[in-house]
Amino acid sequence: MSEPRTLLAIDHLSKNFGRVTAVDGISLDIRENEFFALLGPSGCGKTTLLRMLAGFETPNDGRILLDGRDIARTPPNKRPVNLMFQSYALFPHMSVRANVSYGLEMERLPANEIRSRVDAILATTELVPFADRKPEQLSGGQKQRVALARALVKRPRLLLLDEPLGALDKKLRGAMQLELKRLQHEVGITFVIVTHDQEESLVMADRMAVLKDGRLLQCDTPHAVYEHPADRFVADFIGVMNFVPGKVTADGVLAANGARITGKVPAALSPGASAVASVRPERIRLFPSVETANRTTGTVEALAYQGLDLQLHIRTPLSPKPFLVRVTADAAGRRPVSAGDTVELGWDPADVRIFAE
Amino acid sequence: MRFTIVSPTRLRSSLLMAPALAWLTALMVVPCALVLALAFFRRGIYGGIEYTFTLENFGLVFDPLYAGIFLNSARIAGTATLIAVIIGYAAAYAISAAPRRLQPVFLFFAVLPFWSNYLIRTYAWIVLLNREGLITQLLRWFGYTGEPPSMLYTEGAVIAGLVYNYLPFVILACYAPLSRLNPELAEASRDLGASALTTFRRVILPLTVPGIAAGAVFVFVLSIGNFVTPALLGGGRFQMIGNLVYDQFLTANDWPFGAALAMALIAIMLLVLMTQALLADRAAGRAAEARGDADG
Amino acid sequence: MAERSPGTRRALWFVLSLVFAFLYIPIAVLVALSFNEGGLPTAWSGFSLKWYASLAGNAAILQAALNTLIVALVSTAIATLLGTLLAIGVEMRRQYGKGLEALIFAPMIIPDIVLAIALLSFFSMLNLTMGLHTIILAHVVFNLAFVCSVVRARLKSFDWSIVEASADLGASAITTFRRVTLPVILPAVIAGALLAFTLSVDEFIIAFFTAGAGRASTTLPMQIYAMIRFGITPEINALATIVMAVSITALTLSQRLNRGVIGQ
């Protein structure tokens, strides 16, 4: 396998609106043909970043290199980059076909080429039966596919998608996540998706960047971000995490109640500093059979069945918030628990992540 | 609901509406029907009404003399409409592009003059345009020494007065669809490679046509039936349909012909309104679609 | 919105300034002249209130002002009552015909001159002596339509289930109206009344046709029209300034009470 080529290099990009800094010196690379997610809570700067890539905002500082050429100040209509808008922004006075051919007409391509390319993309997005309809006659999912077709037909170097699934209901969302992945694979175009939904980026992205307050916190594969969050915020934002506050020791964290949580201490943390030890709910075992370094007892407060899994809220002396524990329904079936029961919990030091408070 | 003949809500609603509807019937529907009927009678020798059926009055409307006044009115009203729409759309566009919090303020001040007395607003133009008016003063101040230009009592003065009086409404009518336009549509067009001009021509303009149409219809209908502006700024030299109707009722005393003229005016107005309604119906779907999501 | 280039932004501000200059310079000149000692547009000869003073001594104008006030107050009162009841009646129904809609809408779009001659023909056919009372009858026609449209706009967002809730809690229809419906729509009713008042104060053509002969029923717009036709006098400037101030104040109040109604 050859080394993946960098398509887009974002270099110390900053943008402020008046005194508010929306994007604060972000640098990251997006590779050819990857599905890249920009993730963060609202107000983190991900939409501003996306709009700078599309050309609707001009950065105050930094460069945007597409194939090595700085496009930061190129107007949106002169960039080989297309955006799929959150509202889809379909032209309501044009049919589906007219919407899709609009961008090609702007390139002044010959009519027959426009026709064949539009036909092809309508087929790919399964929109042929709706070609003559107006946007108002389409369902949410169909509108979304038109917006996608309209952007894809231009064969952009980079396709930007702003919360593309935000307007869809939950069930359709799941189907469209896979559909988008399939399409991206089929057309071989680099996708950059903006989302606030961490689950969505975990499912869809090849790599993801987590943003907060205009800064880049972490940029890596979903697996790496999930398993090795860069800081406490990322750990909390991605997936579910149990936190135990305390003080750093040589081999872990000393909790307020005197319990020791063993785990690898990052080099940056010196003993005595305030820190949190954390562990994912699915890494915790109920009634651990082998001797594990980290143990505690707790009281079951609530149980919730979620199909294959059983989720338990367990009050422990380690933290003010109850621990969340996820076990498979099979495992739970072997030794049933109910609310009010006292249970033993245990987890491996290898599953513990320690962050500065 | 098989057992009740009139539902209580419907009955109560009818009782509430009755006084107002009676008033409108007695003082609008009946008088207007009367005018319509009047148009089919003959003018008496001494100005009264002779109750014999005739279509002469409508024939007279198409007499070259009066048809000329109709065409003249249509031309003046049409020119005023065109100018008002161009200025009004530009103003509405500029307001819709202003910072959000300033938009209601601009809009309020754009409409405010509309709510001062029509006569006074027209009179203000007499002050500006008369031979010793402000414009002549300004010309003098810039060193002009010749005869004061004759600006008052011209067709131009009538058009200026009409544009001035109805411009606020055009601004309002055009602002409504412009402000509801999802800004992402223009961005999408730019993103797909269109220039600013192409975006305006192919996306913004088609989607705001309903506002332009509403504004234009309003200016045209009110202008063509206007009688104060031609009387004051045209000095009576530029007859429009309104003046003609006025004359038939208050000076020539030919009520049946005046009634026929008024009916012709209403017919023109209904034609224009119906055309607009037809266009608006077709555009209604688009407009709904063009609205951006409120909190997006 | 996407960022606009400084050039575009300058052009937009330029357009706005031109339009506002066009809208306000004529009015501003008028107001300024009303305070001009010499009264002539040719030269500023000092600030003076003398034209306002001379208005106060003009019996014809004072009579016209009183007439206008009577017409406006009485027609507004009747129109507010009828228009509000009409609005409630219409909005109570889940469906209503296009004819009803057209009947309510017609007084607002019918050309003044047409309504004016129609009423003149009607009143003279009935051999009715014309005067302030016929102007009032006529003004109620369009005023009630405007009040109705303002109140209806408010009722569109009215939650009718609160009326049912009131009945469910034991209130009679009258009590429900007084304690529930009226307080909700009151700002719109007042806004509608202020709008009607302004329209009535400013209305010229219909009043002109339905006033009958004689000075006794001359209204202020009729007086202004006569003065303008007679020639430019500094007194008109002063009168115009006062009338504008009154309408604009009433409309600003109305706008405040019922945000956006005027914009509809």
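Should a chain be cited, it is by its letter among A, B and C, assigned in written order, with residues numbered from 1 in that chain.
Here, a residue touches a chain if its C-beta (ideal position, glycine included) is under 8 Å from a C-beta of that chain, and two chains touch if they have at least 3 such contacts.
Note that the coordinates shown come from a computational prediction; the quantities given were computed from them, not determined experimentally.
Farthest from chain B, judged by the mean position of CA atoms in each chain, is A.
A comparison of the A-B and B-C interfaces places the larger number of contacting C-beta pairs at B-C.
Note on chain placement: the centre of chain A and the centre of chain B lie 55 Å apart, centres being C-alpha means.
If each chain is reduced to the centroid of its CA atoms, chain B and chain C end up 17 Å from each other.
Counting only residues that touch two or more partner chains, chain B has 187, 190. For chain C, residues touching at least two other chains, in rising order: 2. Multi-chain contact residues, meaning those touching two or more other chains, occur in chain A at positions 56, 76. Interface residues of chain B facing chain C in the complex, by the touch rule stated above, are 9-10, 12-17, 19-21, 23-24, 27-32, 34-35, 38, 87, 90-91, 93-95, 97-98, 106-113, 115-121, 123-128, 130, 132-134, 137, 164, 167-168, 171-172, 176, 183, 186-187, 190, 221-222, 225, 227-228, 231-232, 242, 245-246, 249-250, 255, 258-259, 262, 265-266, 269, 273. On chain C, the positions that touch chain B within their shared complex are 1-2, 4, 12-13, 15-16, 19-20, 22-27, 29-30, 33, 40-42, 81-83, 85-86, 88-90, 92-93, 103-104, 106-107, 109-115, 117-122, 125, 137-138, 140-141, 144-145, 148, 173, 198, 201-202, 204-205, 209, 221, 224-225, 228-229, 232, 236-237, 240, 243-244, 247-248, 251-252, 255, 262-263.
Chain contact summary for the complex, chain A toward chain B: residues 54-56, 75-78, 82-83, 85-87, 89-93, 102-103, 106-107, 134-136, 150-151, 154. Residues of chain B touching chain A in their complex: 182, 184-185, 187-195, 198, 202-203, 206-207, 283, 285-290, 292-293, 296.
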